[in-house]
Amino acid sequence: MAELTKGQKIQFLRTILKIRRFEEKTIQMYQIAKIWGYLHPYVGEEAIAVGACAAINKSDYIISTHRGHGHSIAKGADLNRMMAELLGKATGYCKGRGGSMHIADTELGMLGANGIVGGGIPISVGAGFSCKMEAKGRVAVCFFSDGASNNGVFHEALNMAAIFNLPVIYVCENNMYAISMSSCDSIACKDIAKRAAAYDIPGVIVDGSDPEAVYRVVTEAVELARQGKGPSLIEAKTYRFGGHHPNDPADYRDKQEAEFYKREKDPVINYKKRLLEEKVISQTEIDTMEKEIITAVEDSVKFAEESPEPSLEKFLEEVRSI
Amino acid sequence: MAELTKGQKIQFLRTILKIRRFEEKTIQMYQIAKIWGYLHPYVGEEAIAVGACAAINKSDYIISTHRGHGHSIAKGADLNRMMAELLGKATGYCKGRGGSMHIADTELGMLGANGIVGGGIPISVGAGFSCKMEAKGRVAVCFFSDGASNNGVFHEALNMAAIFNLPVIYVCENNMYAISMSSCDSIACKDIAKRAAAYDIPGVIVDGSDPEAVYRVVTEAVELARQGKGPSLIEAKTYRFGGHHPNDPADYRDKQEAEFYKREKDPVINYKKRLLEEKVISQTEIDTMEKEIITAVEDSVKFAEESPEPSLEKFLEEVRSI
Amino acid sequence: MREIEYREAIREAVMEEMNRDPKVFLIGEDIGKYGGAFRAYKGLLDMYGPERVINTPISEATIIGSGIGAAVTGYRPVAEIMFIDFTGLAMDQIVNQAAKIRYMTGDNLRCPLVIRTQGGAGRGVAAQHSQSLEAWFYHVPGLKVVMPSTAYDVKGLLKTAIRDDNVVVFIEHKMIYLNKGPVPEEEYIIDFGVADIKREGKDVTIFAYSNMVFKALEAAKDLEQEGISCEVFDPRTLVPLDMEALLKSVKKTNRLVVVTEACERGSVASDISAKVSSQAFDSLDAPVKIVAGLNTPIPYNSILEQASIPHKADIVKAVKEVLA
Amino acid sequence: MREIEYREAIREAVMEEMNRDPKVFLIGEDIGKYGGAFRAYKGLLDMYGPERVINTPISEATIIGSGIGAAVTGYRPVAEIMFIDFTGLAMDQIVNQAAKIRYMTGDNLRCPLVIRTQGGAGRGVAAQHSQSLEAWFYHVPGLKVVMPSTAYDVKGLLKTAIRDDNVVVFIEHKMIYLNKGPVPEEEYIIDFGVADIKREGKDVTIFAYSNMVFKALEAAKDLEQEGISCEVFDPRTLVPLDMEALLKSVKKTNRLVVVTEACERGSVASDISAKVSSQAFDSLDAPVKIVAGLNTPIPYNSILEQASIPHKADIVKAVKEVLA
């Protein structure tokens, strides 16, 4: 595997920051009720989406989850259309019909977030069949978290992907919780990666706070997949920095635990520090980058707020025509 | 573990033979259309039910499958009521409402055969909760075959049984086929027992044609379960001697493969031979035993044929009252 | 009488039954420390411990299977599916196992299982978290279907559900957990199959259940101003259904509006309409009118979401139509 | 015209579409060497190879998920669920994913997926293998529901289903695979939403679909002897429904009998009855009569099984009732 270029590293940082600032904004917007419904911030987990999506091409597919903003942004989604969707506007990715949990874009190979935990996992198998039949080396990356790994569809899908040698990379973002359920209590084996043995596929553990580490393991898995060697399971150890949703105080979990992760495993803090140490970027450059990102996020809010609501008449017409 | 007594061994042979002769009879009856619907003979797999059920008590539970006659007989079911059920008679275990795929008996801890592949696996978790809450050392044995192990419920159930330390013994009868689907093509890992690793529970392989071997491994698993040490997964390697059902010529599988198993792995042939060699039983005693069993099977047919059909009036009355 | 929240009434029902019968236990996702997605079980883990308040992984099929296995071996589980939308993952266990096990085994195995869940739109949670799917269960022999509207009803009916020897699908509505209503301190239960006339009237019968009862009551109040007297008929349990009381009401008013939040096509409302249209053919002065959700996945945008489900105005309009 | 079996018509439809469009493929259990549980795919594995005839493990949810994932990325899968009863294991994928994905994503993802399955009673395969569950799918926005009765219809409709850009639940009946019927050699397709009057008549309309069309035709023949002229109306597709043609027929005959093998409560028949009762209120000379399956899990015993589903005699009786 080639060394990461300076440019790639800077891009990693930029996308991590983009996700973080976007998510922080959505939380704010949620708290003032400009966004409603369910919102599941990706704060703390950014390095996984960034590392994984950097390892694939635009033409490759991703399958996302209810906590999907990070995946979309890392795959190249437009912040304006995302924010517009969160505000339910006609200019949003789903024309305001989907909201946070259903963002998708065929152009970018985003096969959809999902309101059903694990709901995308079987769909990844179909994407895998499609890639295999098409035989152009395309792959699919399927994201899900620890909670989803206990649902039956995980087992069915990994088994099928394995027996048919499908080019799908399963990236489990083990953020240690499924709402209030600790993964230590809900998963019978210590590491989810161990479950790969049940399908005779590689099972790899990676530090989910390190985008480069994630990039490396996903790149390896993608290579196997493109060579027709079938799926892999990657467990990225991470932590959900906030509650399950913005209004969840997460009082079911240990305060010190949360503090530890926020202090030691924050991809924003750590990766900034690393790139500064490696002299890949300067503090001034970071500041400029941050400013650009904040502007872009603010712009997305402006775009969203100024966008029209979907037309009620058109909606009613459509319904009648179904 | 105590050595098996002579009496136990003879009992093993008797039950193996009982299942075999019963199944042969049901196939005959099916071919002359006295039994209809679906019928899935257990021929070739008898030693598993016999060894497993010998390792538990009457008060313990079993959860069975669409190929369930052997489990019922080994758990102590009455041939008359079984045959009556297969003929749809009012005297059958299910009063004629269930047929082959739904035989159950609370008294005997038989929580039901099942027409849905894998359908009983989640139910075993509930039986496990029940045993655990009751805290009287009861256990449950859940039978299923290779095909079922690919269904999502297998994963969910084993995970739950493991995290809650439930006293359930999962006995996978790997008979190498799910209808026409070879387990080599459908299961991504070589041995299903390996899947135990995904739940950090013991995973044991045993020769399913040897009732004593099955008895030993199940006894060990039962001991763990009764000690509160949670579930086990046992993979009993076996072979479905006939087609999926009596009218299935099974032309999708290799003739020589089938011949090999029928010649080398027939529990009836092998266990008779072993007990003769060990001088646990004589040929004359076996002959007597066979005669008794054949009579019992014939009697069950007589009983079933002479039994009344369920009352249509009562049925209609019941339906109205639901 | 004291007034308590709908969700508090649920909690009381569950606690009373757990105290009365040690065989009753709870199982579901996030029902431990979290107290359930709508906090109806707040504090129960501390009171009853993890053996009777079983917090599960995200394994809907096996939550129901756990309920079945425990029920057929002598327990009385209350198994929770957090959103009715997620029953899609458990339909085999609900329909092929739970609903049929007693029947198929010739009464050998009894399955006193309560499946608690909630549905409905109105919170901007889009197509996979807003459905009204009672019609699925209503169609399956072997399932009772209960959809209480008030705090009083939910308490009395949940207690009955837990005592019932059969499978009960108990469906709440996400928009009414915080509604307060009078609930007596003393113990009571409500029998299944007994409708409650939430408001008496003589010009038209409005059949409504769950959250729609409130919209029907609002409509009735408005219509009263215009001199139209509406009878608001809350069946409370859809299976068994109090058909006798419904026919009595319709024979009095000669007009029927059926309200459901679910999509009209193949809805419970259609079934009620069909039943009344044929069983009270000669009493009806106008065709039965259905007020139902639109035939669409529920959109996220709240203007569209609101447009997808019935409101007071729709009911008012329908009442006027059947009276026209 | 040549006559071929219903299952042969299926095979022809699939082959023609596979030959026409390389994006069409088949996926399901035992569809390889075995040729499908009812042998409709006999020989197709040899013809199209394992890449286009994908034989899966017993993983119903993931069979549908595979269909969805392939469909939204440009393929046209025909995914098979061996028995409609087993859709219980795949309802989340069918209802929460497939049916909604196009809508929820604002038309971003299209899902041209056919879900082939079969249902119905009559073969002594008891409660978990004999259900008629079309009402579930009928109720879900985003799904088309097709239930062909004849070899001619199944071929033309399956070809249309495969070409449709939306999700189609295609439901066959286990008792009619061997029925022979005229099917032209030349290619044809049948549009969705176009009913077929299987027999013209003037005294009463009998709405029937799938296997019940044949029972209705038998009844009509008997009734003719008694001077009663029945119109047998086969909608062929339940969603979309040819309501216009149905109303036209009812306005002619002024009487309607709706036949379904499914349990009456919450059935498609109830919905049809409700629709016609209100939309043709003034044309109906008698209440709509439903002939449906009993409200019971299907029993194994064949006397009871037969008693659970409608027969010619039940239809004859119902027709006489609406004419009385």
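As written, the chains take the letters A, B, C and D, and residue 1 is the first residue of each chain.
Here is the rule we use: a contact is a pair of C-beta atoms (placed from the backbone, for glycine too) under 8 Å apart; a residue touches a chain by one contact, two chains touch by 3 or more.
Bear in mind the structure is a predicted one, so any value in this text is a computation, not a measurement.
Student: Suppose chain C is absent; how do the other chains partition by contact?
Tutor: one piece
Student: Could you put a whole-Å number on the gap between the CA centroids of chain B and chain D?
Tutor: 36
Student: Go ahead and note the Å separation of the Cα centroids belonging to chain C and chain D.
Tutor: Whole-Å distance between the two chain centres: 30.
Student: Where the centres are mean C-alpha positions, what is the separation of chain A from chain D, in Å?
Tutor: 40
Student: Among all residues of chain B, which ones touch two or more of the remaining chains?
Tutor: Within chain B, the residues that touch at least two other chains are 94, 96-98, 102, 114-116, 119, 150-153, 156, 159, 163, 185-187, 322.
Student: Among all residues of chain C, which ones touch two or more of the remaining chains?
Tutor: Expected reply: 56-57, 59, 61-62, 85-86, 88-89, 92-93, 96, 103-104, 126-128, 141-142, 295-297.
Student: Chain contact topology under the given definition, line, ring, star, complete or other?
Tutor: complete
Student: Please output the residues of chain D touching chain A within their complex, sorted ascending.
Tutor: Residues 25, 27, 51-52, 54, 56-57, 59, 61-62, 64-75, 77, 92-93, 96-97, 101, 103-109, 141-142 of chain D touch chain A in their complex.
Student: Going by the contact rule at the top, pick out the chain D residues touching chain B in the complex.
Tutor: Answer in residue numbers: 29-30, 32-34, 37, 55-62, 85-86, 88-89, 123-129, 294-297, 299-304, 307-308.
Student: Mind listing the chain B positions that touch chain C in their complex?
Tutor: 61, 63, 92-98, 102-106, 111-112, 114-116, 119, 121-134, 140, 152-153, 156-157, 159-160, 163-164, 322
Student: Any idea which chain B residues touch chain D in the complex?
Tutor: Against chain D, the touching part of chain B is residues 36-38, 85, 88-89, 94, 96-99, 101-102, 114-119, 147-148, 150-152, 178-181, 185-187, 251-252, 309-310, 312, 315-316, 318-319, 322.
Student: Which residues, counting only chain C, touch chain D once they are in their complex?
Tutor: Where chain C meets chain D, its residues are 61, 85-89, 91-96, 99-100, 103-104, 126-128, 133, 135-136, 138-142, 239, 262-263, 265-271, 273-275, 277-279, 281, 286-290, 295-297.
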